[in-house]
Structure formats: C-alpha cells, structure tokens
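Each structure below is given as structure tokens.
In what follows, subunit A forms one complex with subunit B and a second complex with subunit C.
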Partner chain A sequence: MSAHALHRPGDTSAHLLAPQIKIVSTFLFVVCVVATPRTEFAAFGAYLVVLTGVWVIARIPPRWLAPRALIEVPFVALAVLLPFVGGGTRTDMLGVSVSVDGALAGWNIVAKGTLGVLASLTLAATTSPSEILLGLQRLRVPKLIITVATLMLRYVELIAAEARRMRLARIARGHDPRFLWQVGATARGIGTLFVRTYERGERVHLAMLSRGWTGAMPEPNPPRVSTVDWLAGLVPAGLAAAMLVGALWAG
Partner chain B sequence: MGGLNRRPPALRVHRLAYAYPDGRQALFGVDLRVEHGERVAVLGPNGAGKTTLVLHLNGVLAGGSGTVEVAGLTVEKAHLREIRRRVGVVFQDPDDQLFMPTVRQDVAFGPANFGVTGEALDARVAGALADVGMSEHADRSPMHLSGGQRRRVALATVLACDPEILVLDEPSANLEPVARRELAEVLLRLDRTTLMVTHDLPYAAQLCPRSVLIDDGVVVADGPTRELLADTELLARHRLELPYGFRLD
Partner chain C sequence: MHMSDGLLNAGTSVLFGAVAVIGVAVAMAGSRRDLDDRTAPLAGLVAAFVFAAQMLNFPVLPGVSGHLLGGALAAILVGPWVGALCVTIVLVIQSLLFADGGLTALGANVTNMALIGTVVGYVVAVALRGLARRSRAGLVGVAFVAAFVNTVVASAGFVLEFAIGGDAGGVSFGGVAGTVLGVHCLIGIGEGVITALTVGAVASVRPDLVYLLRGNEKPLEIREGARHE
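Let's look at the complex of A and B:
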C-alpha cells in the first residue's frame, strides 16, 4: 500500500518509542535546523551525524532512504540556479563565475531542505501512519485535523486499490498503457476513479459512524509513557539544540 | 395478548418515508415490527429501498417522516450514540467495514467508541472473535484474510458492540458456497434478534422463519418465509425468483 511505502516496520527502540515523543522530537530538530544561520557549515554536518545515529539505532539503511528523499528534487531545482543568477559579489568557482550571495542562498535551501526531508523520513520509517495519528491525538491536536488526516489516510489506500483494479480491467481488454496514444484512457479513468473512491470512502465513513465513531480514534488502554522515554526520545532534538546554541555562541 | 408489562418490541418502524436530497423518493411509508429474538429477512429487488431502510435504523439517514424505535428508544439525534450501540449494522462489503491494521484492533474499535475499556474490552473482543470462529486470526491484518473470513470478522466487529438487534446487509453476497454455509452456521448459533436484508432467497429460507417483502418503498408482503417463497406469482411481480433447481420441500 502506498501509504505504508514510507514505513519500515521493526522492533528497535526507535520503533517502540511512543509516537508523540517522536513527533515532538522531529519537530524540534527541524526547528533547530531551520534556525541555524546558513554559514554555520559545521552545524549542518553535525545535524547529519545526529540523524545518522538515529538511523543506526533504527536500522534504516541509507539505500532505503535515498530513493525516498528524491521527493525533494523539484523543490531544490531552483536552488541550483541561484548561484548563477544571483546578484552581488561574484567569485570564480571551477572557472565559472558565481554569485556569493546566490550560492549561500542555494546552499541554505538544499541543506535545510535535505535535513528536513531526512528527519521526516526517519519519523515515517519508524512510525506507522496510524501511530502518527495516535501521537497527534495524544498531543491534543484539534479533532477536526485528526479526522481529516484519518480519512485521507484511508482514501490514499482506497485510491491505490481502485486504481489497481481499474488498470487490471483495462489491461484485460487489450489496453497497453506503454503506447503514448493510449494515455487518454488512463486520463479518462481518473475521473471515474475519483467518483468510485469518493463513494467507497463515503461507505467506509458510514460504517465507522455505525460503530459509534465520534471523530477521535478510541484509545481504551493508553500506555504509560515514562519521563525516561521522553528524555531518551528527545536526545536528537537536544543535541541539535546544543549545536545551534554552540554555533550562535561561537558566531 | 394483553400482558400488563409488555416489553417494547426490538424494532418498530412506523410509516417511514424518505426522499434523497436529489428528490428521488426511496421509502413511501414502511411499517415493520420485529419482536425480541426474531430473525426476519427483508427481501426485495435492487432499488426497492432495502439499504435506505437499513441506514434509517441507526440514524445514519434521517429527515423524512415517520418514526423508528429500537427497544423502545426513538431514533433521533439526542440518543444517536445509544441507538448505534443497540443497532449493529454489518455492511454489504467487508472492505467498507474493516480499516484497522489488525483484526483485534478492528473488533475493539466499536466497543471502545462506546466506552468499554480494559479487561472488559479484551473480553468483548475475545468473545466476538470466538463467536465467529476467528480467534486464531486476531493479530493478522484484515487485508490478508479470505472473503469469507473478512465477512466473519466484519460480523465480529459489530457483535463486539453487543447490539440489541443485528442488521445484515446482503450477508451472502460474493461468498463461495463453503464460506456461505459457514456464515449461516455462525448466524444460526448466535441467537440474536436479526434483520437480514437480502435477495438470496434460499439463504432467507435457511436462516429466517419470517420474511418481509419490500418493493417501491413499501412493505408488500409479511409472513412466514416458506409461504412467501411458495407464492411464485408474488415473487414474479416484484422481480424475485428462486434459483434454478431450488425446491422448497
């Protein structure tokens, strides 16, 4: 299922940690990254080391992360152009004239974007989508947002499943989407897909209502989360914060 | 007749009429009374209003005229929660009903919504799964079960809420013969007030002593299932017929 493509099930301590701790820790880590001045190159390297530490604990191989991090590419495409089109002082790099300000701006986007994507992927890899919702709920995120997210999660899987069935039915009737001129059938299918998914999502919602759903996932036996768990979970964020403070102090 | 403190019936539908927002009238005054412990089949062709009726029983649809009472409690917004506990609807497609990562979590979803917690909740889940013979699959994902198993888990998710009346929408749809028979055995063992919406007439004959025939949004016949099914003219008038080779003796 596509919603679970980002989740890598496991039983490491990073996986077993309560989801709300991981959400808070990821959020604080990203805040530190974003708040770091762009010229503190060492700090960015240190953030990557912290993340690597988490990957070692969670047993996430870089090979698994790399293709998923590619989602960032469209967003950083612009950043690559900045050194060439930026104004201000210019300098020569490998024989090409680049703008210092533009290069720094581009670096800022690439470094912070990559660290942000990697941190999010780490959270997603160790926490299943339903756990993330549970974590948000425990963090008292408004009920409406949780409801929308729950239904969205449900829809993503439904859309994928419906699309698979419709594709099979088309292929069974001799459709070969590898040929460009047959793309039209796929495009027309999207409209049908929307209606079918909407109707099914509606039925799922009715079935949930019929079993007394009120908008929040019931949590009959909430597990106790100890202070030790919180402290352990916040170590990466704490390290990032220490580096940020250190970098600002030294700068 | 004439008992002094008679229990209210398990279900009482009085002159229920409903039109969809697009103006299509689906129900034209349905009357139905189901006593405690009865198993009643609701028969009718496609588009007769069967599913619309079901969605009124637990207040998912409302806004037409007429009343629905479940064990004496009127279906209205003020006690929707209690109504939904009392009326357990098993939907036609188990894929619409099952959405949690494991069978156990899915079965616990309903009773947890109704405030059952701790050991009581565990007992409910274990009991419901045992009732449908799915105890050993509690920790599997519903996605990985066969069609018949999914259907039985969907039934367990509703049984776990301990409903006063069990409402089944086309329970035998898309089931292979063995799964169909196994589900019938489970349902016969349950001994609960049951309303079964179907156009599988042999299934109605096997499971429900009484049947109600609905067409064009009204009840057109109500009586012992065998008598209804023996009336071929009545069935033909309402686009129903017994499958080829099926005999009622």
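Let's look at the complex of A and C:
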C-alpha cells in the first residue's frame, strides 16, 4: 500500500479547489447520506447522481473507483446476512423467506456504506496526501497532530518497504506460516521493525533539530481562498442537504 | 473493526465524534509531558510503525487472517497518551486517504480503537506491572493479557455504539453482542500473541524503549573494596 495509491493527479477544477473546502464538503455530504431515512430510495439515487457529477468534473472513470470501493466488503457481508437472520414480519423473495426489517437494515448499511466510501474515494482521488494535511492545518487542527501526521506519511512507505524486505527475507529462508502458533518469526520481525523505526526516529529528530526545526511546518505564501471557491466547493454538500430536507419533508 | 458509514445513525455518530474529540484533547494534554513540539518527529515515526504493523496480516485459522490493531502495543511501548494520539492519527489518515473506515464513523472508530483500546490495554498492563518487571516471561504474559483485553473491550465499544445507534433489523442485541465478542476473542488471541512477542523482542534489545518498564533501571552501583590503597 503506497501513500499515494488513491491519488489521481489532475488539473480539473475539482483538483485545484482548496483542500479545506473539499474536506468540509465531503464530510457534510456523508453526514447528509447517513441522516437520510433508509426507505428514501430516491434520495440515495440522487446522492449517487451528485457524486457522478463530481466524477465527470474531476474526470474519474467508474472503472477506477469500482475496485477501490471493495474495501468495505467485510461490512457488506454483515449486511447480506441480516435479511435472513432478522426478526419481525417475513416475506417471500425469490422463494426464500426473508425478514422485511432485516432486509431494510441490510440495505441501509450497504447503501450508506457504499456512498460513504465513494465520497471518501472522490476526496482522496482529487487531493494529494500533503494537500489533505494542509487542508486539516487550515481547518485549525492542532499543530502537534499535523506534525505527527506529516512525518508519519513521509516515513510510512519507508517503514512498509522495510517490513516487506524483512518478510521477503523470512520467506526466502523457508518461512511459510499457516497457523497462529507459527506467528513467532513474524512477531519478532515486528519487534525488530519497532526498534529500527524508533532509532530512525531518533536520527530524524536530531537531523531536523540541527537544521533549525522549531515545531511547525512553515507554509509559504498561504493563498487567499475566496467566498466563491467555498460556494462552488460546497455545491455537492448543498445538493445533498437539499435532498435530505426534501426527503424528510415528504416523509 | 474499521466501521463504515451507515452502521450508526447520525445522532450517535455526532455523539461519539464529540467523545473522540474530548478524548483526543485529553490525550494531547497528557502527551505534552512525554512529547513537545520538537519531539513530535519521534511520535510520527511511531505512528508510521503502527500504520505499517496494521498492514501485516497474521493467520488465525486456515483461510482466516486478522491484522493488528496496535492499541495495547503502542500503549506498552510509548505510553497511553502518545499511543492513543498515534493510533488516532493512523485512523484519521486511513479514513481520509484510504477510504478505510467511514468519515461519520471516525468518531466511533477513534473512541473504540484509539481511546478505549489504548487506555484499557494500558490500565491492565499497569495493574500487572509488578509481574512485568519481575522477568521477561512476566512482561510477555502481561503484554498478551493487555492486548487480549484491549481487543475484546474495543469490540464491546462497538457493540455498545451499535446498541445505541445501530439498525440491526430486529436481530436481538444478544445475538449481535455474542457474535461480535466471540469473533474478537479469536482476533484478541492473535493480537495478544503478536503484541507479547513484539514487546518481548523490543525488551531484549532496547528495554529502555518499553514505556511500561520505565523506572525499572537499576541505579549504577559503585562497590567499595577493589580500591588500590
């Protein structure tokens, strides 16, 4: 897993929008999705249309999104079970007895989970990791958290590559674990990885201090973000909110 | 363990979002003692380690594998405050950059894995600290128990949140609780074994890096008698 795995560089207006606007907009959009009553099927369709509109603007093809949305599969498995084990009124669907309440609960998880993952993927595709951190910084997230997260992202690929090399070395020596009691070598590897990581941290820390680190990443020339940008960026969230209000009003 | 959007309703998501914000603020205040702005790079590397360790899958049963949550591991190695902070940052980054764990479920995920998991794991470890300081085997045993309890209690947090704001479609609360806790007992054994062996490996190379053992160093003893008169 690379830290840039989900970013699709581009120069569309969705990519160029200030990151803090995109974070706020995505978050509000997902809140609207989650707040929608589960039987408002039309509203869920409308949310998908809004997302599709963003994908057209950002030029993200659906076949890029589909395999990456599979990350939510474990929860879909839970949702698929619910119609069969749920209680309450039962009905026949294709000759199988399913619980109405269970089916609706399963649908609720699948629909909201999928829309949530697609919204997060849209944010990650149009915004590079460093831009997301910049956005969080401009949203007044504490400095300590930003610094820790920045360094984490900067070094995670290095650490992961080291873990991969250690795993490859184990396999090359005939390591082939299948059961939990064979986990010893892996665990000792993790221990070694911690010691190496920590010692690297000590070196990085000293190197940064010697280059004048004062505790914050300087942001040269922060660009001014206009109200128009905010309004444009919040359009998807605004549409979602309008649909939510409409659905609640009608229901 | 990473909850997706839609498992919890909006009200519960907001409630646990608030719990997470307060908890993280407390963790930040606490970590000021172990960490200042200038030692943050070290915490960044610890967070990177937790991130990388979560990517390692371990076999639980043939065909079934689990991955490390790392709450108890981080708490034992770097202390509860920095540990909770690092796991929180890992969860936020996973949610924003990797779409792993829903944005609205972030509060509940942070509450379970970063706050409850780390704190419970640390409390268990501190309660058994006497045992951990006595011998290497004691330390390994304490790490196992702390990680096991951490995993099971974190999943109990999920059960609680689901009971407050989840939509189980008429499935009984006991059924959900039994399934989730049962599965996490199995995962907890894996988490416990890895945490125990990892802590053991670190303690044998750099015991000074194990937060739980702080204050355990024997003072330098200067003996009289071998002096040339």
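The working rule: the second predicted complex is superposed on the first by the 194 of 251 C-alpha atoms of A that agree within 3 Å, B and C clash if a C-alpha of one lies under 4 Å from a C-alpha of the other, contacts with A are read in each partner's own complex, and residues count from 1 in each chain.
Just so we're on the same page, a residue touches a chain if its C-beta (ideal position, glycine included) is under 8 Å from a C-beta of that chain, and two chains touch if they have at least 3 such contacts.
Since this is a predicted model, take the numbers as computed values, not measurements.
By the document's definition of touching, of the two partners only subunit C reaches A:151; subunit B does not.
In the superposed model, A:204 lies in contact with both subunit B and subunit C. When the shared chain is aligned, no partner comes close enough to touch A:70: not subunit B, not subunit C.
Contact with subunit B, but none with subunit C, is seen for A:130 once the two complexes are overlaid on the shared chain.
In the superposition on chain A, contact of A:102 is made with subunit C only, not with subunit B.
In the superposed model, A:228 lies in contact with neither subunit B nor subunit C. Comparing subunit B with subunit C, more residues of subunit A are touched by C. When the two structures are aligned on the shared chain, A:120 is found in touch with subunit C, with no touch to subunit B. Residue contacts after overlaying the shared chain place A:214 against subunit B and subunit C alike.
Where the contact sets of subunit A with subunit B and with subunit C meet, they give residues 154, 200, 204, 208-209, 213-214. Those residues of subunit A lying in contact with subunit B across their complex are 128, 130, 154, 200, 203-204, 206-214, 218-221.
Contact residues on subunit C toward subunit A in their complex (touch as defined above): 3-10, 13, 24, 28, 31, 35-49, 51-53, 55-56, 58-62, 68, 77, 85-86, 88-90, 92-93, 95-100, 102-105, 167-172, 175, 189-190, 193-194, 196-202, 205-206, 209.
The part of subunit A that touches subunit C in the complex is made up of residues 1, 3, 5-6, 23, 26-27, 30-31, 33-35, 38, 68-69, 71-72, 75, 82-83, 85-88, 99, 101-106, 108-113, 115-117, 119-121, 123-124, 129, 132, 142-145, 147-156, 158-160, 162-163, 167, 177-180, 182-184, 186-188, 190-195, 197-198, 200-202, 204-205, 208-209, 213-216. Residues 55, 58, 60, 81, 84-85, 87-89, 91, 93, 95-97, 99-101, 108-110, 112-114, 116-118, 121, 157-158, 161 of subunit B are the ones that touch subunit A when the two sit in their complex.
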